[in-house]
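Heads up, the next two complexes both have chain A, just with different partners, chain B and then chain C.
After this line comes the complex of A and B, so read on.
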């Protein structure tokens, strides 16, 4: 062995532990897997947030699993193969994962990363599977919103919808406006005695016939999804049934709202408004993002009509953190990063609205997402959507009614009979009260 | 089958053994595929049908509870789904078979441009169900749909004709739609028709039989094995109808198109009861098996096989 080689070996021998020490001192890289759905703008917004997250946390690498459809099926397969992601989007099925102990109880881990304060989240914004166990708060909110094509109001000489909750239309006023904005092919509006309901060119109003469409009016009329004590089904109360009946009357009595069949051939909400098929639309606030896409479209937002008092609600999904994650701290960091409106701010300018209270009260934060006269936030937005919902929000049945998915699966088929006029709302809701009461297990929030 | 043995017995045996081995090798991919991807999951689902498996993969034995829940009526949808699916099968299977049979006979006529017609009628079969559903959603629209417009055009009152938007007409509407995609069955019928020996028609004509006699006494009996085959496959396929309900009606209105497989899907992926969904799947399997066996049993009475004296070949 030559001297040189020996020297080299000695040097190596000396350096090796130093080398070890070096790598050990640098932080270990954590690899996380994040699964999500959503198309177009949502994917872009979330991707940007993740890229920023990686920049802020150089030791964490996030593998993105974008699964636009069949999410549950694929997640199910990943769980079965012990390859569940660390953090992912989730639907109401997360409750089952929570009960089965697959995901973390957010309340237990929250203190590991205090960047989101639980005090900043309203009680009804948590997805819970028991009083003390939650999958986490909404990752963002959405809410019902009344949107309209302003040109159609101007042409018909009708005053624009009010933007303050205290000025909200009564239901009768709302019906009358809708009548003035519904036209048959001969140009007669729905108040005209010769109006032809069989041949409608433009509808005054279209709304979602799902629970998120009619529930604000049930609330406004003093009804609730379950009785106050959570012991029984609530939509068969006279107040709730009356509110639902009045929505059905828009279709079958006043002919200002498309029938379910006619609705199915109308384009999406934003396009239907733009192409003058409908003058007003009550749909989820995510539609603002679609409406923002056309620059010169003259659209606006108003407050919802009311029965007794102004009521609305927020709803939203949440992220879940799997217990199989190798780094809970990093996973929670990613979770809290994505649900922080500041990091996905582009999405909060149209698609979403924040779920954190401070974003509704702190003027600096409000300016970040609700600045008016921007593409997704027309004049009046702060009154008509932001304040009116925040100040009059009730719990959303989706996450606050136990067994909601199964109860709703009985409600909407029964409502088909109401929308097509073959049953009254009272009859339809009474007809399903028994099977629903067997599923009712109270409120949770 | 007997073959006159000219070769020595041993060589023949060795050859047969090798041929056997090669045969198995060729069959292996299919056999393995069946074992791994069909039989395996089937056995697993039979097992899970007796558990309360959820989407998280957790399960515990609950005996016959899933089945008890279905049959006792505690499940709000089982009987409804079964009844709706049965209605669909009873309506769509005869419609599909008769239509495809008549179509095949028409396409079998010696006319100019025969292959063009055959292509046209087969085309819908290669369109994905999702696209077909979207097309029919438009065609069947009560207000603007082509079908009601044509009916109005010939002076009919279509006011009450709401197609898939009325619970009384949703099943007939979907059955009507299913006739459109019978290209596969039609091709099988067409092949069968071309196999009917010409001399039988000639013989019937010589005996003074007209078109009806040729159909009744030659075409129909000679086609009975093909009819039988198509009946079985169509029955099975119709019991498994899913996409139409999933895409077009969401099971509605008022659950009037809550097809069995759609109900199964919802149990698994909306209500997260995988174990129960497995049990539901097995009930359908047994129903389909029973119905198919029934058809097989009756086939002795009406299926005529060419080889032998009306017996089986």
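After this line comes the complex of A and C, so read on.
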């Protein structure tokens, strides 16, 4: 009798681990491949997020392919070799991949993973190749931001830039402030009649000469990249040309902005502000991450100046999911994990801003990334950057203009002539209108 | 008997050992054994037993040690072989990874794309140009790779090569299974075994990797375009077997006699060292499932074999090395056996020494005991064995000594007493049959008869008869004094008759003594001494006084005479030496034996002043009478 009991116990004992083994193997390991570029803090942030993802999903293993150089060439080689990654970073070339049917339309697969709701994505924060087809929401957003060296303002006795959109400077006010903060080596500011524009020590303003620098002002003046119906080029409209011209005038008329030549001698934005080469800077908000690393530097943010209405926009990159993936659900999980601000929260404290509505409306979430008086978020940030952009956002030109990459490839060389003063904005834009119109294919948004 | 011996017993061929003979052999062997074991000393037996007992575990230990060492050696070799294999496999993996990447990167080569996007590409007119162009491109990518022997881009119309020496013919390639496999992978890399490549090779086939040539073009704005073409092309990279074999040989060199090979998961051999490819098909399933590790196997000839293997992550190809365990252990055995024998010899010697010494200690002790017993056996009852040591033998030694003591006591008390008793009896008997006394007394009787004194003669005869009756009763060694006195009176009467007028006797016996038990005739020698020696040479005037009285617990009897006397030194000698006066000596010893120390005779007397002999005995009264 006792022998039988022992035998029974032995059998049970043996079966139980076997049972465990069976159930364990029922959940097979999924192997995903994720390709990305980026370095420094961004790479760290993404790496950490992926590690956390693997911990939260023990049956998914992510092979990281970090490709800092020649990303597109290598990606294409992988595509050609039928070895495309499951999820990866992408540039505007994703549109062609979408048209070629190599990547998923996010709208079609979004409900497979509810961790990110497509409805929560802020307006316009999508990369689409057609009205109804999207590569996916922004991985994270950035926006144009006005940053300044507060000490320079205080010393010059100039009022600090406003932080609320409704208090924004007019363009003329803005110019005057810039003049007060532009000094030549003799210490004369730009309003001084003896001011020497050939010998400028400190510039009042430096802006990005890319579309993320001047396009907000085109929009503020009532202009648009294309005509309203999207049928033709829009930057040669009077409003748009005027706005662009006024930016150029900062350089050539008021001398408050460095010439292209002088710009090439200036250091990066954060350093330029800190070393008092520049008093104000309008650049991408990713600069906040650089400024967060400075020590003993009194900097601040303010709203952009306006012509007529306050306008701004978000822009950013997105991930793509290849149709060759063997496990769509897991790939989507990974995708949504990485773009969720909660998983890369450190990066949203300076480098990026969220692309989901709830992060602009839920006070708890706001406190996570936009808490003021933290290194990347000076006092006034929530008004000057967060709210002003969120409440006045337009679609970014690279997302809403069909064939944007090709069109922009013609625009920026033409603008060089405007910055160096050899052509007016209107002339320059008119000169490229025809080739561009050949490329124009309407709005995506 | 003689007849039986003489009779011949016929021999039977073949000589069979029957059961009976067998049994007798056994019996004889047993007898022989018994004889020898009984003959051998304990020392030898112990030595032999201990030697055998210690050798057995030593042999066992030696064998275990050998097995363990062999195990360790095999394991160590296996481990290092495995590590080497892994290291070399990592290098191979790198080579394969390079092939993978290079063959992937060539798919986005702009020049190649341009060549293939030319619709006139396959026109034989352009062949030379196209061939030259493709040749250069292939060289650019694969030219510097040592693992590559030849690269070809195979199209239905023509094959474009990297090296001008063609190895293979790809005529019917596009109908083959290989192409089917490559096509299904759609640009992904296919790893092909030499067997799969056999149909295309002229002579010796090599293993290879291949991709469907899915070309893409990446323009300046980073947009990638796929080559639209209706003809399939395959990139075929044939690998350099010698290059991989060199690496395997380097691994094999680590362990002499080992072989290394590279096989596909299906068991097809790609490269191998040594003369022949190893047959490891039996082990493939396990190797496949674990991917890397070590195994124990059996070679074709049945000897144990150790296997190490590592699998390539990319291709699934297994690199396996194997060596024979026995070959490895051969060197080990020789050295080990010599060492073990040496150790065992040393151990045997030390054991012998140790055993010898301890046995010596034992036998010495035993010998001392037996010597002590020998002494006692020889009659020295006071011999004792040295008890100063305190070891396991002390108890025995004490017991033997105690036994000797007991023996001595018993002998002294009982044996000597008995002998004394017997001697006394003997004396009594002697006295009884003393021819002189009888002779003289008979003489006196004869004279009386001749003298006509018939009544006197009759009285003499009767008295003698009574005396003889008394003395012949030897059953009682002690009698009441009263009876002994009676006898003495008769004796004296006879003596009076013999020596008429020589002496007078005076009796002074305390009445309380009369019941005391005294040794029979113990005073007779004293009286004889006085009469014969004290009055010797005289003819009258002798006075003998016999006294007896109690003195405490003792009875003192004194015989005094006024005879010649006796010199003091002679008196002392009498009691010590029986030759001087046998009667007195015997009487003294008899009394001493019977009653112990302090009892016996005491002789006083000086020459010319008579002699006084005092006899002291214990006053013993018969128990029955005291009850009365």
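Criterion: the second predicted complex is superposed on the first by the 419 of 445 C-alpha atoms of A that agree within 3 Å, B and C clash if a C-alpha of one lies under 4 Å from a C-alpha of the other, contacts with A are read in each partner's own complex, and residues count from 1 in each chain.
Rule of thumb we're sticking to: contacts are C-beta pairs under 8 Å (C-beta built on N, C-alpha and C of every residue); 3 or more make two chains touch, one makes a residue touch a chain.
Quick caveat, the model's predicted, so the values are computed rather than measured.
Visitor: Do chain B and chain C fit side by side on chain A in the superposed arrangement, or is it a clash?
Guide: The answer is clash.
Visitor: Contacts for A:93 in the overlay, against chain B (first) and chain C (second): which applies, first, second, both or neither?
Guide: both
Visitor: When both complexes are superposed, which of chain B and chain C contacts more residues belonging to chain A?
Guide: It is B that touches the greater number of chain A residues.
Visitor: Touch check for A:72: first (chain B), second (chain C), both, or neither?
Guide: So A:72 meets both chain B and chain C here.
Visitor: Could you look at A:83 and tell me whether it touches chain B, chain C, both or neither (first, second, both, neither)?
Guide: After superposing on A, A:83 lies in contact with chain C but is clear of chain B.
Visitor: Could you tell me if A:262 is touching chain B, chain C, both of them or neither one (first, second, both, neither)?
Guide: First partner only, chain B.
Visitor: For A:328, using the defined touch cut-off, is the partner it touches chain B, chain C, both, or neither? Pick first, second, both or neither.
Guide: In the superposed model, A:328 contacts neither chain B nor chain C.
Visitor: For A:417, using the defined touch cut-off, is the partner it touches chain B, chain C, both, or neither? Pick first, second, both or neither.
Guide: first
Visitor: Tell me which partner A:405 touches in the superposition: chain B (first), chain C (second), both or neither.
Guide: In the superposition, A:405 touches chain B and chain C alike.
Visitor: Does any part of chain A touch chain B in one structure and chain C in the other, and if so which residues?
Guide: Shared contact residues on chain A: 72-73, 75-76, 79-80, 93, 96-97, 100, 405-406, 409.
Visitor: Mind pulling up the chain A residues that touch chain C in the complex?
Guide: 72-83, 91-93, 96-97, 100, 405-406, 409
Visitor: Given the complex with chain A, which residues does chain C contribute to the contact?
Guide: Listed in rising order, the residues of chain C that touch chain A are 103-105, 107-108, 185-189, 211, 214-216, 218, 221-226.
Visitor: Mind pulling up the chain A residues that touch chain B in the complex?
Guide: Going by the criterion above, the answer is residues 72-73, 75-76, 79-80, 93, 96-97, 99-102, 198, 259-262, 264-265, 405-406, 409-410, 412-414, 416-417, 420, 435.
Visitor: For chain B, which residues are in contact with chain A within the complex?
Guide: 54-58, 76, 137-138, 141-144, 159, 162-163, 165-167, 251-255, 258, 266, 269-272, 274
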